[in-house]
Structure formats: C-alpha cells, structure tokens
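Here come two complexes built around chain A, the first alongside chain B, the second alongside chain C.
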Partner chain A sequence: MIRRLPALLARTGIYWLLLLLLVLASAAIPEFRTPANLANVLTQSAPLAVLAVGQTLVITAGLIDLSVGQLAGLVVVLVCALADGSSAAAVPVVALALLLAAAVGALNGVLSNRLRIDPLILTFGMLSVLQGVIFVWTDRSIGRAPPELLWLANERLLGVPVSLVLVAAVALACGAILRRSRLGLHLAALGGSEESARRVGVPTARVRLAVFTLSGLSAGLAGILIAGRLGTGYPMAGAGYELDAIVAVVLGGTALAGGRGSIAGTLAAVLVLGIVSNALNLLQISAFVQMVAKGLIVIAAILANQPRARTRVVAA
Partner chain B sequence: MERRSFLLASAASALVATLGGPARAQTDRAAQERQMNETVDTTKFKKAGPYTVGVSAGYLSNSWVVFCLQHIKYEASRHKEIQNVLVTDAAFNPTKQVADIEDLVSKNVSLILYWPVDEKAIQPALEKAVQRGIPTINTGGGFTYGPGTVSNAFIDQWLLGEMVAKHLAADMGGKGKIFAMLPIAGTTAAVDQLAALKTVLKDHPQMELLTAEHGDWNRAKAKQITENLLQRYPRIDGVFSPAGQMSIGVAEAFEEAGRLKQVIMSPGDEYNGWLKWVQKHRQGGAVTFPTRAGQEALKLGLEVLAGKPVKRGIRIPSEYIAPKDVDKYVEPNRPDDWWASTLPDEWKPS
Partner chain C sequence: MEAELNQPLLEARGLGKSFGGTVALDGVDFAAFAGEVHAIAGANGAGKSTLMNIIGGVFPPSAGTLHLAGAPALFDSPRAARAAGVSVVYQELAVLPLLTVAENVHLGRSGGFSRRRLVAETEALCREWGLPLDPRAVAGELSIAGQQLIEIARALAGTTRVLVLDEPTSVLSLGERDRLFAIIAELKRRGLLVLYVTHRLEEIFAIGDRVTVLRNGRKVATLDVSATSQAELVRLMIGHDVRERFDLPPVPSAPRRIEIEGETPRGKVRLTLNSGEIVGLAGLVGSGRTRLARAIAAVDREWPMTVRIDGKPLRLRSTGDAIRHGIVYLTEDRKRDGLFRPLSIVVNASAASLGRFSRWGLLAPKPEREATEAVLRRLRLVARSLHAPVSELSGGNQQKVLFGRALLCAPRLLVCDEPTRGVDVGAKDEIYEILMDLAADGVAILLVSSETKELLALSHRLLVMRDGRIVREIVGRTDEHAVLMAATGAA
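Right, the complex of A and B next:
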C-alpha cells in the first residue's frame, strides 16, 4: 500500500491540487468563496474546457493540434460577422460555423494521412493559414454575437453558468468516446505505438481523421463560447488558446507522448488554471507574474507526468 | 457524397461572400461631438467612501500607459476617501480583460477605470459592471459611446492628427510628397489620424500622400518600413508621424540612407526619445498625448461617485511644443522610453 502511494498521488495529483487551491483561496480571499465569484471562475473557464477536452483526445492518440486556437478565432469572426446580432441567424450561422470547424479538422486529418507530415508542423502551418484568413477578412472587430450566444456564454440559471451545460455535454461525450468506445481504444493504441496498433488491425488513418475532426468540432464549440464572451468578432480572439489547452491536458495527467488520457483530469486542470488566474487577480498580482505562475505549474506538471509516460501505455 | 459536397460548397461560398470585408467607417465627428456633450445623470452611482478604484488595463507593457497609471495612483494619493487602487493587466488579451472586469466586480470595487485591448470586445463585461452600479470610465485612447461606458477622459485622435498635419503642411510650405506612419491598423488612433490628415490635405492640393503605413507604435518596425519606402520612392519630402517612438525609427532610416536633410518630419509626441531628437535637430516639435489622462479620468470618476452630473466625454487637450521650446520638456538623463509629464518626481516610474 505504502509502495503504491506515490503512484496513487501522481495519478490523483491534479484533484489534490484543485482541492488545495480551493481551500487556500477560500481561506485567504473572502471574495473568492462567494457564489457569484465561483460562478465567474466556471464561466471564464468554459471555452478553454471545451477546447482542452477535444485536445485530450488528440494527445491521447499521440498527436497534437496547434490550429485549434486560430480555428476558434475564425469561428468567432465568422459567427459575429454573419449573424451581426440577429437572433434569427443564430442557429444557421452556428451550424455553418461548426461545419466549417469540423471540415478544417478533417482537412488536418486528411493532410496528416496523405502527406505524412509531423502533426506539430502540419497544424502549426494550419494555424498560420487560419490566422492569415482571419486578417485577410478583417483587421478589426466586426459584427455582433447573437443574444442567444451572449446568454449561453455569460448567464446563469439558479446561480449555475449556462455554459456549464455545454461543457458537461462535450466532456461526457468525449469521456464516453475515450472510455467506452472502440475509437477510444484505438486512440490509446495509436498513442502507445502506431506500429503496434497497425499490426493488430487498428485503422490508423481513419482514427487520425476522426480525432482531428473531433478536435476541429471542439474548437468550433469553444469559438461559439468565446464569441458569446466577447460579443464581437475580434480577429485575435483565439490567439494563445492552443497552448493553454495543451497545458491543461498535460496538467490533467494525459501523457504528452500519447497512450493515456483523462477527460476528468483535463477538466480539473482547467479549473486549476482558472482559479489561479482568478485568485491572483483578486490578490492584485500582475499578469506577468501570473504567466510565471502558470509556467511553473506546467513545468511541475510535466515533470510529474514524465516517468509514467515512459512506463504506462493504457487507456484510462 | 453529393450532399457532403453541397454542404462544403455552401460553407465555402458563405465564407467567400463575406471576405469582401466590412465598411471601414471612420469617426462621425458631428455625432461624436453631440455624444460627448451629453450630460450623464450619475445619481444611481452615488456612494459614500471609502472607495476602492479598479483599473482594468488592456496592457501595461507600454511606457505611455505606465505613466498614465502613475497619474492615477498619484491622484488617488491625494484623496483620503480612496482606500485602494486595484490594477489588473490583460496583456493584450480581450478574453482575459473580460475576466479581469468580472473579477473587479467580484471584488466589489467602487469604480472601474479602463483602457481596452479592443473596445467592442469588453462592452458586455462593462455593461454588467454598470448594471451592478459600478461606474466605468474610459481612460485615454478614443471616445467610446455605449451603455458599458459611463464617461470618457479621452485624447481626441482626430484633433491631434489635424494639429500634426497642419504643422507639417506649414513646415513644408504646403507642397511636396509625404507618407504617413500610423499606429496599429484598425485602432481609433490609426483611423482618426489618417482621416484628419486627408482632411487637411484637401486644403493643400500641392501636397501628395504617397502611402499610409502602420508601424504599430514600434520603433524598429517603423524603421524597417521606412527603409523599404526609401527604396521605392526616390523623392520623399515629408513624413506625417504623430507618435514619437515611431518618428525616431523613421528619422533613423532617413539618416542612414543619407536623406535626412531632404525630409521634413512632422511633430511627434512628448516621448522622451523623440524630444531628444527634436532638441538635436531643431525640427519637428511635438503635439502632446498627455499621460495625465489617467489623473483626469480618476477626477471624473470621483465626480460620478459623488453623484454629480458629468459630460459623456471630456477631452484632454493636446498642445503643440515648438522645436525651440523643447528644452523645457526633454529629460536628457532619462531613457528614450520615457514621457514628459506633470508628475511629481517621486511619482515618476522608477
């Protein structure tokens, strides 16, 4: 039992960290523990949560998708420009945006399969393409988000953020894929060893196509939430989200090398990052110190993650 | 298969149809003047001290805003009723600035002063603050009119651009070829300064605007752009550059190309590096972009908290400093990245 303790702590570390932060912040900052502020933290964390859950699937498969931030940004601009505050346009525009996001994800998958380019390079290229498309379109904020998206991203029902429903739906769906579906097994197998996966009959090309498409879709959903948060099509809205998502995934215990992923861990990590940011703000600590704090958390998480990544290759 | 192709084609055509882009509207001067002069009933914001002042900075990695923030803190130190000044920094991320404003509301601050990363993107968050009874004051930058902004202490970029353009035209004798070096594309500063320049040029038909470029308030970028323009245009007689830190980069490029004597620089602003250049070359001068906008914003906010009626916008006037007068403002022993200001020495950034 004692010998297993380090492994147990490492596996559940993110939840202990979350609990510790909740206790410390509640004790040290009276404003932190108010229901309104806790709802704030959840609302602020929702776009990253949706994005990071999608990235969890990608990283479990031993891949990476750097294009998700700019893809979410493209969705923000697209939705606001086309809907321009119209309720009537909300549903068709959101549907179009999600279709586009899934299509861009699928394109990443197709290119990855056909060209055999390292996903890091491929999706970095796609990031640049998407950024370029956004700036060709507009160099300033355009349009307005429909009121329904403002409601979805910002409002509360009985004190609970509405966006939490979307986060829960995405997390449950991705959790089911990862833990209860054949695709989940294939993702873990691909992430463990592509060669071995292929030998046991895993259709690796189809798995890559599926996971990049899902990643694109999750970026689209995150973009919908960001559009609601900002209320306008800001061209740089998605910048940096891809790195935050990767940070959350790794912090949550998913092996960066692939083979093992945890949706619950990712969600806990998103909350840790949200609480750190909120608490440091309430403590009046500068954004630059916040960056340092986030960086240190990431380094610590990767160090904690490393040994297990070398030894374990199983679907969580 | 056909259906899938149709859906993808529909998505692509909808995207292409919108790629034409939105109309590039510029500030409607008459409407802005009317809006600025509106009287705001502030009785619903009236509250007794002690006050906590929240400052939501869109960014702090810029010497102008550092001085502006010092002015806020200095003014706060002069009011016993102000207990604390809380500052958040969004580091150029509007999503973070939205979260920062929500956090300031959670902290139950009495007043929020802000300068935005993107003024439209933070309007919903500001509206929520106003609905919670927390007044919001736009500090510096351009005038903002909307339910999320109770009042503005702003610097009129159009008037500043007009002053700079008029002095440049006078220095050039009303004729010659010029280019404009503007801030980040799409910002109120870039849009209004260019509009003002074009308006002034209508009165000087012998002046020709070769091109308008965006140096993004960046000395190195402005220099690089100018190096390219010097290759492209064999004759450039003048430069419209209201921002001092970009003016230095422009002037350096002309100097290194051996063409500095052929060009007339417009006034820049009271950026210390530019003032040093003006002192050395005795040309150009400055049209101020006063850092005391922060101080005026806090004074305005205190009037709102006292329930006194205020104007929707107060203009912090820019002033012209002629090259011969620049000695009174330049601080030779301070770095280039420094601003001439009315701050007492002990309140200047360390």
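Right, the complex of A and C next:
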C-alpha cells in the first residue's frame, strides 16, 4: 500500500492541483469566488470539456485527432450561416451540423483504416482541409446563431449553467463507453497494443471507425456550444482547440501512448485550464502573459504526473 | 488409437506457404484428433511457426487447405479463427498490461457486457479449470506464467476446440511447467485438441500422444510418441541417416585470452576465447544465444557480463565502450539494427569509427573515404559507387558493409550473430573466407548461427546453449547429430 502511494498521488495529481488552484484563487481574488464568476468559469470551459472528453476516447485508443478544432469551427459557421438567427431553423440546422461532424469523423476513420496513414498526419491534413473549406466559404463572420443556442451556451437554469448539463451528458456517455462497454475495452486494447488486440480478435478497423466518428460528433457538439457563445459564424472560432483538448486529456492522466483513459481526469484538467485563465483575467494580466503561464503550468503538471515513466527511462 | 476411427478435428491438406521466393511450408498434410495432445516438432526454420500462423489465421496459406471437423476452414484473421474455435497462445503473449485479468480474458468476444459479469464469469472459469488467477488483478503486475494463464483462460472462455501452444514452457519455471502440464492433461480429458509446438523433445515425451515432425517446410512423419525415441526424432529433424563427420581444427595457441563471465537467470556462464579462434555458439531458437552475444558486446545489459582481456577486466558500460576495447557486435538483423538504409555505403561503413576520422568534431572526409575504400576492397564489395545508398546492395554486400564497419573498429573480439542470414550461396562462401582471414589475423570470433553445418565448418570449438546456459563444449571430431542432441536436451 505504502509502495503504491507515489503512483496513487500521480494518478490523482490533477484533482489535488484543481483543489489547490480553487483554494488559492478564492483566497487571493475576492471576485473569483462569487457564484456568478464560478458559473462563468464553467460555461467558458464547456466547449473544451466536450472536445476533450471526445479526445480522451481517441487517445485511449492510441490514436489522435487534430481535426476537431477546425471541425467545431466549421460547425459554428454552418449553423450561424444557415440558421441566421431563426428559431424555426434551429433544430434542423443543429441536426444537420451534428450529422456532418459525425460524417467527417467517420471519414477520418475510413481513411485511417484504408490508407493506413499515421493518424497524426491524417487528421492534420483534415484540419487543413476543413480550415480551407471554412475560408473558401467566408473570410469574415457570417450569420447569427439561433436564440436557442445562445440560451444553451450562456444561460443558467436554477443557478446551474445550461451548458453544464450538456457537458455532463457527454461525459457520462463517454464514461459509460470507456468503463462499461465492450467498445471501451476494445479501445483500451487497441491503445495498449494493436498487434495484441488483433491477435485476440478485437475488430480493430471497426473500433477505429467508431472512435473517430465519436470524436467528430463531440467536435460537432462543441461547435454548437461555441456558436452559442459567439452568436455569429466567426471563421476562426475553432482554431487551437485541438491542442488544448490534447493537453487536457494528457493532464488528466490519460496515457498519450494509449491504453488507459480517464474522463474524470480530463474534466478536472479542463477546469484547471479554465480557472487559470479566469483568475489571470481577473488579475488583469495580459493575454500574452497568460499564454506563458498556461504553458509553464502544463509542463510542470505533466512532469509531476509521470514520475514512473521518467525513472524507467533513466533505468533503461 | 481409437480416436483415429473418427473424423480428424483439424486436418491440413497440401498446405504450402511462400514468402517472396522462399518456401516456408511445402505440401504439408497432417491430421489431429479431438482429445489428443499433438506435438509439432522441428529444428530452427522447419516451418513450425508458419504452420501455426496459418492455423491461427495470421496469414492465409498460398497452397492447400485447412479443414476443421471436416469443413473447409478459411481464416482471414485471428478473429475468424477464434470464432471457429481455434485459439493460439504465442510465445509473445498478447496480454494487455494495463487491463485487468477479467478484461483481458474477455477481450475480443462479442455480445453483452457488464464489468461485474466479466469478473464473475472469469472467477467461475478459473474455478472450473483450476486456474490460479485473480480476475481483478491488473495483468501487467502478474508474472509471465500468470500472463500465460490469462491467454489460456481466454481460449477456454470461448468455444475453443483447438488450442495451439507455441513453446509455452520457454518462459516457465519447473513448478509452473508442471502446473501447465496438469492443465493440458485436463483440456485433453475434456476433449480439446492441443497442438503443442516445441523443440524440447523431453516435453513431447512427457505430455504428447502423437508428434508430427517438420523439416525444411515439409512434413517428415507423424508418429505415436509411445513408439518412438528422442534419438529417432532428432534423426528425423536433421534428415540424413548418413552422418557427415567434421574434424574441428585444433585450437590455435593463444597470444591473447579473452575471458567472459556473467550471470543469466538460469545461472552463471563462463567462456574463454583465444585470439585467432572461432568459437561457434550453437543452440535452438530461444536458447539464449543472441542474448548472450549481445550481453558480451554490451549491446543489452539485461545479463551482466564481465569481460577480461589477458586478465585485465574491462569496464563496458555501453556499446561505445565495447567498441573502444575492440569488442564488436555484428547484428543478426541488418535492417532493424544494423544499417542506416538510406545513407551511403561509406557512411554506413565508417559509422562506428568516426572518432578516427575527425578532429575537434569535424570530419575529415578524405581519410574516411580512403580507409573505408581500402577495407571494402579487401572484403571484395561489389557496388556501383561507394556513395550509393546501402539499401541498393544485395544482402551479401550489405553484410560486407557491416563487416567493413567492424574491421574499421580494429576488433579483438568479433561477435557475429547469424552472419549469413538472408545472403546468397556465393556471398556465404565469401563471408566464410572473411571470417577465416580475420581469425588468421588474430581476431577472436564468437560465431552464433542456426545453421549447425556452418558452425561445424568454421569453428575450432563449439559451445552448445540450452535454456540460457552453456550445456556442452565440443572439440575434435563431431557431427550435426551430436550438436542437436545437446541442444534439444536429448543427450
């Protein structure tokens, strides 16, 4: 038991970090601990949370999906341009956007299976394609989000942000997939060793297709939330989200090489990133200094998170 | 045997497989029945692995068919084989270390899923078959023997009728081996067919009912184990009755002695080489030849070794240290850890001795090229240009480039692992000449080879390895039979 303590601390490190940041920020910044601001942190974090939860599945399977940020961006532009503020169009447009996002994800899966391209390169290519499509369509903000999405992304119901309900639903669904479904077991197997997985009869191609499709779907949902937050179809809306999502997944304790994933850890890491940025905003620290701070925190947290991996390298 | 009255459970008809130009399996017929332990025996390269991979659905045969209970069995994937009831436990275990035992056992099955049921089912399975496994344990924390049990449990969890075990005891202690044998006996009693692939003859006699012997990709015979002997099996594995005798030349007198001492999991190893001597290291796949060779040259440090030259111990903490002391390892796998394939011949040859050709970190290209050219000329390398990518060369010439790399290091001890693998006949003879020339120049050579004939033709002395230990030293008059008997533990 004692021997496992360092491992246990490493596994739960992100929760301690979250707690520490909450205490520090609450003590140092009076505005931070107001209910309105705390709710604000949650709504601001919601799109990243949805993306990162999806990416947790992808990384657990030993894959990576860099196209999710631009896919979310495409959904933002699509939804705002097509609905253009109309309530009547909200449901069909959202349905269409989610379908498109899932289809792009499935396309990633099919290409990865058929062409056997490294997913890093494949999805980077897809990132570029999607970015290009957005800019061919428009180089400035177009359309308006329907009021339902504004409500979804920004309002509170009995004090609880509505977007939090969506995040919780996505997290519970992905948690159930990871922990309670055969697909989850297959994901972990594929991430652990593709060769072993294949030998024991895991249908690896189907698993890859499923996980990329789910990833696309989560990007679509994140796009819906971003559209609601921005209110308009801004072509750069999704830029950079893919890297933040990967950082959150790894901070949350999911092995970057695959084989083991934690949805709760990912959510905690998203909150850590959200609190840091919110607290620095409240302290009126410039966005550029915030970038430096975020980078340093990420590096420090990753180091603290994998003591065992480091000793292994030294011993080898 | 009464089972022979029934239909065979697994039958191969004219099974063949070739990879590129090499024929790995050629027209193999055999039949095996439910409720028997059927051993597949053969020397290195006899086609055991190829046969097993076809049965397990890893790749399809290029000729012939496989039948399961009379129906043609075309497995296009391991999944298909498993679904049909054929499970293979490979030497390289397919266990996912981060998952629990229960999760590992039920991987790859389809149907409903609940973690609690998974654990309950695994518990019941282990109780039923007497497998000492905790379903909740994390697989990576189990011993190799425990992980092997996971694979067996996985096979038993499905509807397995044929269980193929590939050298299952190579990683087990004696106690673990007895437990495995007890489980195999139980599987047999309940009507499974166990295909037991091995080159450990004593195990065939311990648990086998019948044995099929392969040699050079062909089936030689299927025998009742009770009606044969280890000596007969060895004879069938080698193939010729007529014994070709070899007289190993006398060991040259020794201006320099290289003493090697080390620790393997199975005990101590000690060997001594004289300068100018070629010592052959024989043994079956998995006997630890390569691991010993790599340990001596400090390529791996899993087995710690002490090397003394003329009584002076060397401090070898890296391959670089070893090279500086003139101990050079020539890999068995040129592509993986030998060549820099896109780079030029010169760069490949001089890679290990750049210190000689540089001053203050800057390379002097002219001396590098001239020295390399001289060495490669001596090795009679055939290439259109020394600046051409090394990947253009034939296998034999690639091997010469690696020899050139070793020679540029001024070796005192050359550890050669399978120096003629993937090399055509003409180049083989040239490599033999190179080895003999080097020995004549006073280099001590430790030669690892799966080809017993090659060892007999070149060595002054033979060391035979088995289970990570050197079990015999052979000098003077001997033959292939004696070497294989020692390597399989038959004598």
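In this section, the second predicted complex is superposed on the first by the 301 of 316 C-alpha atoms of A that agree within 3 Å, B and C clash if a C-alpha of one lies under 4 Å from a C-alpha of the other, contacts with A are read in each partner's own complex, and residues count from 1 in each chain.
Just so we're on the same page, a residue touches a chain if its C-beta (ideal position, glycine included) is under 8 Å from a C-beta of that chain, and two chains touch if they have at least 3 such contacts.
Values in this document were obtained by computation on a predicted structure and should not be read as measured data.
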item: Fit or clash - chain C, chain B, common chain A; value: fit
item: Partner chain in contact with A:259 - chain B first, chain C second, else both or neither; value: second
item: Touching partner for A:36 - first (chain B), second (chain C), both, neither; value: first
item: Where the C-alpha centre of chain A sits as vertex, the angle toward chain B and chain C in the overlay (nearest 10 degrees); value: 130
item: Partner chain(s) touched by A:113 [first = chain B, second = chain C, both, neither]; value: neither
item: Partner chain in contact with A:137 - chain B first, chain C second, else both or neither; value: first
item: Which of chain B and chain C A:26 touches, first, second, both or neither; value: neither
item: Greater residue coverage of chain A in the superposed arrangement, chain B or chain C; value: B
item: Shortest CA-CA distance in Å separating chain B from chain C in the superposed model; value: 24
item: Touching both chain B and chain C, residues of chain A; value: none
item: Chain C contact footprint on chain A (complex, rising order); value: 179-182, 185-186, 188-189, 192-193, 195-203, 255, 259-260
item: Complex contact set, residues of chain B against chain A; value: 7-8, 10-11, 14-15, 18-19, 21-22, 60, 86-91, 93-96, 98-100, 102-103, 106-108, 118, 120-124, 128, 185-187
item: Chain B-touching residues of chain A, taken from the complex the two chains share; value: 31, 34, 36-37, 40, 43-44, 47, 78, 81-82, 96, 99-100, 103, 136-143, 150, 154, 226, 229-232, 234, 236-237, 239-240, 277-278, 281-282, 284, 286-288, 291
item: Residue ranges of chain C in contact with chain A within the complex; value: 56, 58, 77-79, 82-83, 88, 90, 93-99, 103, 106-111, 113-115, 154
